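In the part that follows, the structures are each spelled out as structure tokens.
Here chain A shows up in two complexes: once beside chain B, once beside chain C.
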Partner chain A sequence: MKEINYLSASNTEDALSLLSGFGENAKIIAGGTDILVRLKDNVIKEDTLIDISGVRELKGIYEDKDIIHILPLTTHTDIIESPVICKHLPILRDAVKSIGSPQIRNRGTIGGNIANASPAGDSIPALYVLSAYVRVKSREKERMVSINEFYKGPGQTVLDSNEMIVDIVIPHMKEQEIGFFRKVGQRNAISIAIANVAVKLEVSGENRFSNASVAFGALAPTVLRAKLIENALLNEVCDSPEKLLYISKLSEREVSPITDIRGSASYRIEMSTNILYEGLLLMFLKGWKR
Partner chain B sequence: MKEKTNYIGHKVNRLDAIEKVTGEIKYMSDLYFPDMLYGKILRSKYPHALIRRIETSKAKAVEGVHAVITWEDVPGFNGFGIATPDQPVLSKDHIRYIGEAVAAVAAKSEEIAEKACALIEVEYEELPIVDNPIDALKENAPKIHENGNLCLHTEIKRGNIEKGFQESALIVENTYYTGRQEHAFLETEGGVAHIDTDGTLVIQVGSQYPQRDQLQLARCLGINPQKIRVISYPVGGAFGGKDELTIQPILALLTLKTGKPVKMVLSREESIISYWKRHPFIMHYKTGIDKEGKIVAQEVKIYEDKGAYSSLGGPVLNLAVEHACGPYRVENVHIDGYAAFTNNGVCGAFRGFGVPQVTFAMETQMDIISEKLGIDPIRLRKINALQKGDTTPIGNKLTTSVGTLKVLESIEECNLWKRRNELSTQDPKKPWIKRGVGLALTYQGTGLGVGLPDYGGAKLELREDGGFTVKIGTVDYGQGILTAYAQIVAETMRCPIEKVKVTLGDTALTADCGPTSASRGVYTGGKASIIAAEEMIQLMKNVAAPLLQASADFIDYDNGFMFLKGEPLRKVSYKEIANKFIDDGKPLPETEGYFLMPIADIEIKNAFGLPHHIFAFSAHVAYVEVNTLTGETRVLQGAEAVDGGVVINKQGYEGQVEGGFVMGLGYALMEDVIIDRGQFKNVNFSTYIIPTVKDTPFHIESIPVINPEDTGPFKAKGIAETVMVATAPAITNAIYRATGTRLYRIPATPEYVYKRLKEVENEKAHKGH
Partner chain C sequence: MEGFFKYIGKSVEKIDALALATGQPLFTDDMEIKNALQIKSLYSPYAHAIIEDIEEEEALKIPGVKLILSYKNTPQYLHTTAGQGWPEPSPYDTCMFNRKVRYVGDRVLTVAAETEEIATEALKHIKVNYKILPAVFDPEEAMKEGAPVIHDEEGISGVYDARRNLVAHIEVKTGDIEKGFRESDVVVEDTFETHYAQHCPIEPHVTITYLDEYGRLVIRTSTQVPFHVRRIVSQVTGIPLKDIRVIKPRIGGGFGVKQEIILEEICAYTTYLTGRPARYLYSREEEFISSRTRHPMKIKVKIGAKKDGTFNAIKMYALSNTGAYGTHGLTVASNTGSKTLPLYNKAENVEFIADVVYTNLPVAGAYRGYGATQGYAALEQVVDEVAEKLGISPIEIRKKNHIRSGETSPIFRALGEGREGVTQYIQSESLDRLIEAGAKEISWSENRRKKTGKQSKVRGIGMAMLMQGSGIPAVDMGAATIKLNEDGSFNILYGGTDIGTGLDTVVAQIVGETLGTSPDKVIVYAADTDITPFDKGAYASSGTFVSGGAVYNAALKLREQVFEYAREKFNEFDTKEFLIEDGEVISKRSGRRISLSEIAYETFYVRKHQQLMATASFISQSSPPPFAVHFVEIEVDTETGQITPIKYVAAVDCGIPINPELVKGQIIGAIVNGIGYALTEEFEFGKSGKMVNPNFLYYRIPSSRDIPEIVPIIIETYEPTGAYGAKSVAEVNINGPIPAIGNALYNATGIRIHKTPYTPEKVLKALKDNINK
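And then the complex of A and B:
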């Protein structure tokens, strides 16, 4: 492990000015659950870490009318334990519950999961279908980026080296909206996704939807929205398991996975279909109710 | 009839529990010495290569570097290996696997040592790679060792195999594959070497047999073994992976070279790449059965992926050959086993020692037969069960306690098995979730087998406080022998267990008790302790006699006192007896107990170590749930009925059953070190997948089957291996019961299960047309 400078920020302004001072040479560390692994593997090119874990104003969940704000240092455990999230964003809760182990969820933050930009990051597909926005700030300016536009590739985001995430903004799920998150991994915990999927549907009538969002993870260089499937869910009457399977099979046209140590590309493609199908089928069997 | 005991057969808390959970215990990796250096090993870049040149001058010039060593610095024999010492301590010219040690550095800090390692220049010439045991044995295969790639060939023929197959009503023939399991002990190979004030070289590295380490080290270092002290306890897990030497010879060389204490603790990655794994097997099985379900013939061909060096690969093959037909009566057999060198890392000892591989194959065969003939799985096994007095498939007569029928009868009564039909259904709400209950049976030899020196030893000291210290060379690496030894001494000496201290694994202090392996720890150390204790009782009676004004023959003892038979109030405490020794100016007595392990009365020709004489038996049941959309398998519940003779510690027994079942679960469903063209692909716990608590069943029932073995300490045998061995086939048989899909390969990862589900579905669709 290489030697590295370590600086601790006491508030947002402090963090931002350190960031703009060091530029490309610095990296933010929040919970450290991704950074420390990479540090040990000697793949961190920056030589300074700016620790923001002590910045209290960047931690917490609050509601503003029907908008939920999750601040970036909110841990996965905080999210799982939040009644607001449980009530209004159950898809996110399920996604976050599948991350790592209690130890990892106690330390790992949502901001870190977003910024780390792993194609297999579990909160990300949920944030996609929930139409989340990420508020990004530098010392000079501030901007809102849709999560759909946040990623450029594996490990790559639109963040500039002097920017950091300061807020995650998500609208409440509506009453008639339902959904799920599902992942397949190599075991039941501490398991990186071989494939994952988040789905949100707005029920408009019998077996019909007025809105459909489907996002897959670990199946392409970034998390992706499955447009063909979304269109099919919007335009078809989803009144039988056969129909759901037919729609789910469209995933083969949406994903472009790789083969790695965790799973082959062909298995991943089949899983994209089957976990989507399994989730849709379960909702169908429940009468498309929450 | 049950004798009243104070400790044997009870639930006794581990004596080392508190120091372990509080972290107070100091493992060797925790030790620090003033002025200590750090060691680092440079390992080969290629899986198969010749070394053309090694240049160390740049590394030596780094400030803070105290020594850089290569093969030229090995003063003695540059090789180690328990069975055949063919593995170089530091490689001279021929590299045979990617983790092979080429050079080593001792420096002021780990970082400096690492930096210096990077500055050692090694010129290699790459050689073609041998990456599986079948190719390894082909005539034109690149030679890994001078004599070719055959490490060992063991063949056993009995009866008339052709006639047997002719008489069979059914022949089942399949090929099976097993994975390369990693021991995954918590503490990686680590420790410190230093030179004592009297010049003794002290090696403190957790291992399974200090006296053998001492001899192997003496040979490498070319020094008198008496000048080497090996302390091998405490050790943070071993499971067979610390039976062979690991870092010890290099640590010793660095210390001798620098004269300073040197410490080394391997990273998980280095540990996984460099040292032992469970041998992957490829096995062809052909089984012939008559109409009644009797096995009449069995042909087995085994290919063992030995990896680059011998270590214990030969004995592993032979144990596999011995157990290849399971605990069944088979008259006509042909077992043909090959251990072949490859460039796939190194494999060695691992809990079960060849038996988990063949048990997976054999018990899948039995499940297939049971279904094809419509005979209940337990009945089929009872029809064929080996019993006391029977001749085993390899030709020796079983004369010790045999529990085949007893474990089957016990498991038949367990809740999971009784309810197996109602449990083996699909989920009514999620019909793609399918559940099933499966069974498997196995047995496992206790001890090393014929032809190998196999003995137990223990020293017992009476302390001034009237308590006892028992000193045994085996180590407790989690299995609980420390507590078992204390129970055995307390029971025999009839004193409170709190009065017994246990010293383990130290060549300077403890008796040579052989290796802590082969399920032999309790048997050997326990029995030797009893012998030492009985002698101690006699010595103490002799001292008590004048104090009690009686002849030694009239003295009885209990609860820490010696007293007159029939007159318990005329007594002296053990402490008073100890003080009497001191008052008389005599040293406190230390007794020693030694014995030779009973062995079978015949030797199997051309099969070193075979047969074994004493066996433990176990029947395992697993209840699984398979998601047929993804291939994900959960083991919901498990049960094991285990005949280990008499149970010494109920708590230890349960711990072994639960731990063994979970290790077997990992072997069945997820564990496999993947090596591609000699390169390791999953070298830490991010990608080498072992079960987490969320993958373990919510209940594992442990059913002790008490089947006394007269030769054992308090009639015990050893259970530490058998408890994990039959779990994998119990799980894969349960997957079959749930889904109708046979698995011929472990680990049965979700991807493999899914692939097989689809293959079977396609076969069915094909037949339908």
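And then the complex of A and C:
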């Protein structure tokens, strides 16, 4: 492990001015569950860490009418234990529940999961279908970025070196909106996704939807929206398992996974179909209700 | 045995439990030694190469770098790292450092420096020039004419045919195998392959060495074989045996991998050359890439049976991959036959053939189950296939064919540990009861039919029948010394090696029972080559049976001395009606009594003037097998291919369980170990032969959420050759998960997977191939 400069920020302003001071040479550390692993593997190019874990004002969940704000230092455990999330964003809750182990969920933050930009980050597909926005701030300016536009590639985001995430903004799921998150890993805990999927549907009539969002993770360089599938869900009457299977099979045309230590490309493609189908089928059997 | 014994069969608390739970500094690396040099190693990036030159001048200039060891400046003494009794049945095919490297991860050199950081930094400044040689990874290829010869060095011994990379060839036949198949009504043949795995003890290998006040070399090490460490370190380094003391502290798990001597000799030699204490600790990554693994095997089993289900002929061929060095090559392969085939002794015609082959892959060694695990993976699935073909249930076919009390198998004599074995008759066995108890607990008859759970999930049940041994007969010796103190307590000094199993507690119970004393008045001191008598160490399921047997013999001898003293005191003719209980010797005839404490005081200070103490050894002419019957219910997700074990039942006969709670720990531990091996653990190799997943994120030992309900059922038998009727329990249960889950998978889905582990990807592919068929 290389020697590294460690600075601790006491508030947001402090963090931002340190960030703009050190620029390319500095990296934020929140829960550290990604950074420390990378540090040990000697793949961190920056030589300064700015610890924001003590910045109280960046932690917590609050509601503003029908908008939910999750501050970046909120841990996965905080999210799972939040009644607000349980009620209004169950898809996110399920996604976050699948992350790592209790220790990792106690330490890891949602801001870290987003900024780390792993194609297999489990909260990300959920945030995609929930139409989340990320509020990004530097000492000079502040901007809102749709999560759909946040990623440039594996490990790459639109964040400038002097910017950090200060808020994650997500609208409530509506009454008639349903959805799910599913993941396949290699064991039941501490397991990085071979494939994952988040789905949100707005039910408009019998087996019909007026809105459909489907996002896959670990199946392409970034999390991806499955547009063909979304269109099919909008245009078809989803009234039989056969139809759901047909729609799910479209995933073969959407995803472009690689073969790596977790699974082969062909297995991953198959998984994209199967986890989507299993999830849709379950919803269908429940009569498209939550 | 309830009520019959006072301390045997009781779950006495582990004597080290409190100290361990409160974090006392008990493990090897808990002791901080001032001024210790820190050792780090450099490994070969090539699977097969000759080291042409090592440029180390730059590194030696770094302040704090003390010593660089390589083949250039260490004794080139051929030996084996196996850590077995002498003479070892493993080939002498390695030196402390070799000029030729034979797998990615082979150790090239070590640096000893003032700090770990300096040592690690120094490694980066050393340049090694290699002449790369063609490598061979496939054992079948390795045996072919023209394959790269991995061990072409002068002077190696114990290798069957080095030119063909053949470490060992075993051939054992009884009856007339071909006639046996001809006279069978059905014949089934199938081939199964098992894979590389690592033991993953939570404490990795670690050794600390220093010179004591008299200049003798002390080796404090995380080992299973302290006495073999002393012998082999002396052999390899040339340091006289009398100048070496090996101390085994508490150990955080071994499972076979700490039978190997892979750190001690280098750490010792570093201290020997520098006079400085030294510390050598493996990281998890090193544990994977450079310590030892399980022998992967390809096993073909052919069984011929009569219409009624009786086996007529069994043929087994095992091709074992020992990797770059031959440690445990011969004996593991022997056990693949000798620990499996006797279970089905009704077959009169038996043939076992094995080839053990070098490849340029990581080194295999001893691993819990020791070849039997691989053998059962194949055998127990073929038994199910025979049953199906005959239309008999898996239970019936096993009941019909298993060995019974009073019976023997010619295999016992024909196949030993690298030499001929010994004839033995089974004296304790209750397989029918094990089968029935297990089948009842899993609800075999109700659940066996395919039961569809939710949607894409299907369920199935499978079973497997297993045995192992207790120690190596006529080879393994253990010894113990026991002495009486003034308060009636006892010191026990023995060489037995508790590596977390609870052996020291078991031994205290044996002494307590024999000498009428509560186990908490037995002070156990173990495994210190300066102080305790010899013991072969912890392997081959020998702890309770052999080391415990030695302690039992010593306790019996001391009891005779105590009785004799009491007889003189009571003025009686003999000790026939003497009892010893609650710290007192009592004559039932006269009613006179004397406490152990009084005896000690009197013999120390008043009369006799003598220390009552005894030393005894134990060797067994047989290796009584523990038996187990496993049942598992699994759920298969036909969408993802994932297998989830739902409930696992293990009915086990280990003789008398001296400490039932510890026995359960061994059963459950072995099953968890085996489930990981069956489902998720796997070495993945890159093209160059490099292991690419040397960490717990991608080498997937089970997490607590991957473990089903495990129900151990202990069925007591009495083994007359074991102390208080005990046999072994440590290994046998790791043999079950692969075949039991394999059979359950077949029951659930109609597919058999011929290559472990049963990963989702493989299961899904097999399911699809099955539909397309």
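The working rule: the second predicted complex is superposed on the first by the 290 of 290 C-alpha atoms of A that agree within 3 Å, B and C clash if a C-alpha of one lies under 4 Å from a C-alpha of the other, contacts with A are read in each partner's own complex, and residues count from 1 in each chain.
Just so it is clear, a residue touches a chain if its C-beta (ideal position, glycine included) is under 8 Å from a C-beta of that chain, and two chains touch if they have at least 3 such contacts.
All figures in this text were calculated on a predicted structure; none of them were measured in a lab.
Engineer: Based on the superposition on chain A, does the combination of chain B and chain C result in a clash or a fit?
Structural biologist: clash
Engineer: Using the superposition on chain A described above, determine whether A:144 touches chain B (first), chain C (second), both, or neither.
Structural biologist: neither
Engineer: Just to be sure I read the superposition right, which of the two partners does A:237 touch: chain B = first, chain C = second, or both, or neither?
Structural biologist: neither
Engineer: Quick one: classify A:86 as touching chain B (first), chain C (second), both or neither.
Structural biologist: neither
Engineer: Quick check on the superposed pair: does A:270 touch chain B, chain C, both, or neither? Answer first, second, both or neither.
Structural biologist: Once the two structures are laid over each other on A, A:270 reaches both partners.
Engineer: Please work out whether A:278 is in contact with chain B alone, chain C alone, both, or neither, and reply first, second, both or neither.
Structural biologist: Both: A:278 reaches chain B and chain C.
Engineer: Touching A:189, do we find chain B (first), chain C (second), both, or neither?
Structural biologist: In the superposed model, A:189 contacts both chain B and chain C.
Engineer: Enumerate the residues of chain A that count as touching chain B in its complex and touching chain C in the other.
Structural biologist: In chain A, positions 101, 184, 186-190, 192, 261-264, 267, 270-271, 274-275, 277-278, 282 sit in both the chain B and chain C interfaces.
Engineer: Quick one: in the complex, what on chain A touches chain C?
Structural biologist: The touching residues are 101, 184, 186-192, 261-264, 267, 270-271, 274-275, 277-278, 281-282.
Engineer: Any idea which chain A residues touch chain B in the complex?
Structural biologist: 37, 101, 184, 186-190, 192, 194, 261-264, 267, 270-271, 274-275, 277-278, 282, 285
Engineer: For chain B, which residues are in contact with chain A within the complex?
Structural biologist: On the chain B side, the touching residues are 429-430, 432, 627, 629-630, 632, 634, 670, 674, 681-682, 686-687, 689, 691-695, 749-751, 754-755.
Engineer: Which stretch or stretches of chain C touch chain A in the complex?
Structural biologist: Residues 455-456, 639-640, 642, 680, 684, 692-693, 696-698, 700, 702-706, 759-761, 764.
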